[in-house]
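Look for chain A in each of the two complexes below; its partner is chain B in the first and chain C in the second.
Up next is the complex of A and B:
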């Protein structure tokens, strides 16, 4: 195993160790998407009777939104945790090792991607028990890829902000980006049901494609026509936010 | 442009020059020339420092809070980019070859930066992984170091349960995991109890004995005096004086004996008797007599004998030697101890921008 892969695994293990040793701290992030699903289904449940909802139920329609919310929260938490590590001096220890900056970044982002599966798994378990349509293994695999990818995007954003602000007080800035990105999509109504500026924004928002890529397995069958825009949008977001995070990492301390 | 004015270079001299440079690189563990760091707002935390630390030496970098010690160390360990001058550590340029520098240095910064949720053993092993130590050697090396710093019994406890002294020792063990050639210790004993301080001093002495170069920043005079082969004193971002502790102290005066007699009646006789040992110094009033004694403590017995022979009764006798604080006072016009200004470098640890908002006092992140 290469040295860099060992380091990435060690950093992911450290992040998971935090959850294992302080489970209480992870509970809100894990529960929030499920609570959203239950609450929104209760309030807007009958909206699914409208013609443009092609879902068997509103809760089936809304589950993928919970997946992306969980990914977004987890990614942002990576930035907040990095800010804490900067404040407490732990990050200096990482910077003082001969590990390439890119490997350190990969460790941080990989931990976010892995942790994002926790709220998603919990939500899926509750949703299926509550009668949400089982999407099939292939659709779940695609959903896992997209959820982990979006968590990585948000982790890149969180890392960029943390390295700039170097304080946990910048947490709202890390969290709000993901919240807005998921909100201004077809999260709560299909594209046909959106009007005005929200329709326009959702059309140009790349996260809409990611959401619909996850949703297709729940509301209809998988199709390549829905899958490739999701993957391309995600790749674009990863490149854009990854570049910002890499730039910030390379500007931290002295880089070769 | 032709070569008309150029003196042909003697190849033997060129080889000798290269050899000299190579040997110099090997012998000098830390070298700074005109090292500067300016922060936004034209705050010059380090204003052109020149220093050279020989391999195997313990170099005490002494100065009050806010003098620029931490900023200098952060530049030398590649955490902060210098804005002027240059520095080489273990033969590599800190700005151009940071990865090579990091492979050869161990660093224990001012606050022991430890993950309180991890155990001592987990932290040591993570540090070993970060330094690319092969998997099979990680446990062995980790166990060896944990034993060395006396944490074997606590190695499977979370670091959050460790005392301040234990955390410092673990921090030191982590800094040593890859057997660095140069060890940077930034105020390693600040906030420690006397027993923990002595334990750490012993470890520094052991490291020196093993040939490790130690760059030790401290605001404690005694620490520099006890541990350092040479001391550099920094004030307001500038190195004001450098030398061995004894040479520096000798610069500001010789030791002197303060004698207090039981009665002021014998003061004149005492002054006469002590005048043979060296120059008499103030205070010379009443029953106090003071004399400079170049020989230090070895002058005590002859002085006592001389006073006894003169029939004088001594109430107390004290040998007073110059301290590094006297050196600091002589060079800067103010005392080293008791200063409490904020370290400028700590405002902006990476030195690029000021933080957007102030640091949180809360140590835990919301998730």
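Up next is the complex of A and C:
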């Protein structure tokens, strides 16, 4: 195993250790998507009586939104944790090590991708126990890929903001991007049900394709027609936000 | 009274100087309001939904309530940070009535609550909502919101005085949504799924939301508004008493 891979694994393990050793910080992020799923379906459940939901229960419709919310919270948390490490000086010591910066970035982002499976697994378990349709292994595998990918995108964003702001006070900026990205989609209703500006924004928001890619296994059967737009959108987001994060990483501390 | 006002002014200044703490309680509810309205407007056609000018009008009270609850959490975090930093102990040692420490914070919370309610009502009007009860209705919504916001601030203060650290107060953030979801803040009580509909009947947030909503979507109904005012006042009174008791408990421990 190459040294770089070892370092990435070590950084992922460090992030996972944080969950076990400081559970108080991780629990809200793990629980929040499930709370949203239960709450939203209790409140807006009757909305599914509208014809454009095609008899899908609102609970089933909203579960994939929870998956992506969990991914977005986890990605943002990676940025917040990095800002904390910067404030406390630990990140400066990492930068002084002979590890390539790209490897450090890969470790941070990989940890977010792996951690994103926690809220998704918890949400899936609660949802299935509560009667949500079991989507099948292939659909879950696709969902896992998309969730991990979106967590990586949000981690790239979080890292970019953390390296620029260098303070945990920038946390709302990291979180709000994911909030907008996930909810300004077909989160609450199919495209026919959206009105006004949200209808337009959801059409151009690439996360809509990612969400619909995750949702297809829950509401219908998998199709390549809904899978490839999700994968292409995700790949585009990874390239764009990855480039921003790499640029910030390579510039960090250069002028100091 | 002078001490209370001075401490309230200090708390307000601190809030204005750290807008990153104020932003979540305006930005998150505004975004949720925008998404709810854009995604669920067609629900006004469901049987049992009250007659409204638009879904935005119906959702305004929910956004206001959400914002006020988040402000309560932020007030708790601010107090917890003062405890962690040692400033609270210096205040407690100062020759001032200790109840002023609580009242000053709550007064500031009330002023911020008024600003929040006005912001959402004005934003609603800008984006096409109508306040059916006119200027009097506007004032009633502000009054209920100010009292409720003071009460939520007192709850945040109790949590901070008991928990003594900011991250634990921050940890209750998801609970804000839990208590909101089991109320009629977002949707008519008759259209909530079971058991949320049953719980909502006992949740004071339902009455506060319905009291603020009534003047927005219809002519003033005295019963809805009085229930809203009573629920807000009850929350404010109970939470304020608890926060004074929590302060006494903390000073005994110190």
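The definition used in the following text is that the second predicted complex is superposed on the first by the 251 of 256 C-alpha atoms of A that agree within 3 Å, B and C clash if a C-alpha of one lies under 4 Å from a C-alpha of the other, contacts with A are read in each partner's own complex, and residues count from 1 in each chain.
Here is the rule we go by: contacts are C-beta pairs under 8 Å (C-beta built on N, C-alpha and C of every residue); 3 or more make two chains touch, one makes a residue touch a chain.
It should be emphasised that the depicted structure is a prediction, and the values quoted were computed from it without experimental measurement.
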Review point. Which partner does A:48 contact after superposing on A: first (chain B), second (chain C), both, neither?
Key: neither
Check your understanding: Who does A:251 touch here: chain B (first), chain C (second), both, or neither?
Key -> first
Exercise for review: Could you say whether A:118 touches chain B, chain C, both of them, or neither, answering first, second, both or neither?
Suggested key: neither
Review point. Should A:240 be classified as contacting the first partner (chain B), the second (chain C), both, or neither?
Key: neither
Practice item. Please work out whether A:14 is in contact with chain B alone, chain C alone, both, or neither, and reply first, second, both or neither. Key: first
Review point. Who does A:28 touch here: chain B (first), chain C (second), both, or neither?
Key: both
Exercise for review: Answer with first, second, both or neither: which of chain B and chain C does A:145 touch in the superposed model?
Suggested key: neither
Check your understanding: After superposition on the shared chain, which partner residues are touched by A:196: those of chain B (first), chain C (second), both, or neither?
Key -> second
Check your understanding: Is there a shared patch on chain A that both chain B and chain C touch, and which residues make it up?
Key -> 25, 28, 169-170
**Study point:** Residue ranges of chain C in contact with chain A within the complex
**Key:** 18, 20, 23-24, 27-28, 31-32, 34-43, 45-46, 167-168, 170-171, 173-174, 177-178, 180-182, 186-187, 191-193, 196
Review point. For the complex, which residues does chain A have touching chain C?
Key: 24-25, 27-28, 31-32, 35-36, 38-47, 49-50, 52, 169-170, 172, 176, 179-180, 183-184, 186-189, 193-199
Study note, to complete from the structure: Note: in the complex, chain B contacts chain A through residues 77-81, 94-99, 102-103, 105, 107, 109, 111-115, 117-118, 122, 126-127, 129-132, 135, 158, 174, 349-350, 352-353, 355-360, 362-367
Study note, to complete from the structure: In their shared complex, chain B is touched by residues of chain A numbered 3, 6-7, 10, 14, 17-18, 21-22, 25-26, 28-29, 73, 77, 80-81, 83-84, 86-90, 92-100, 163-171, 251-256
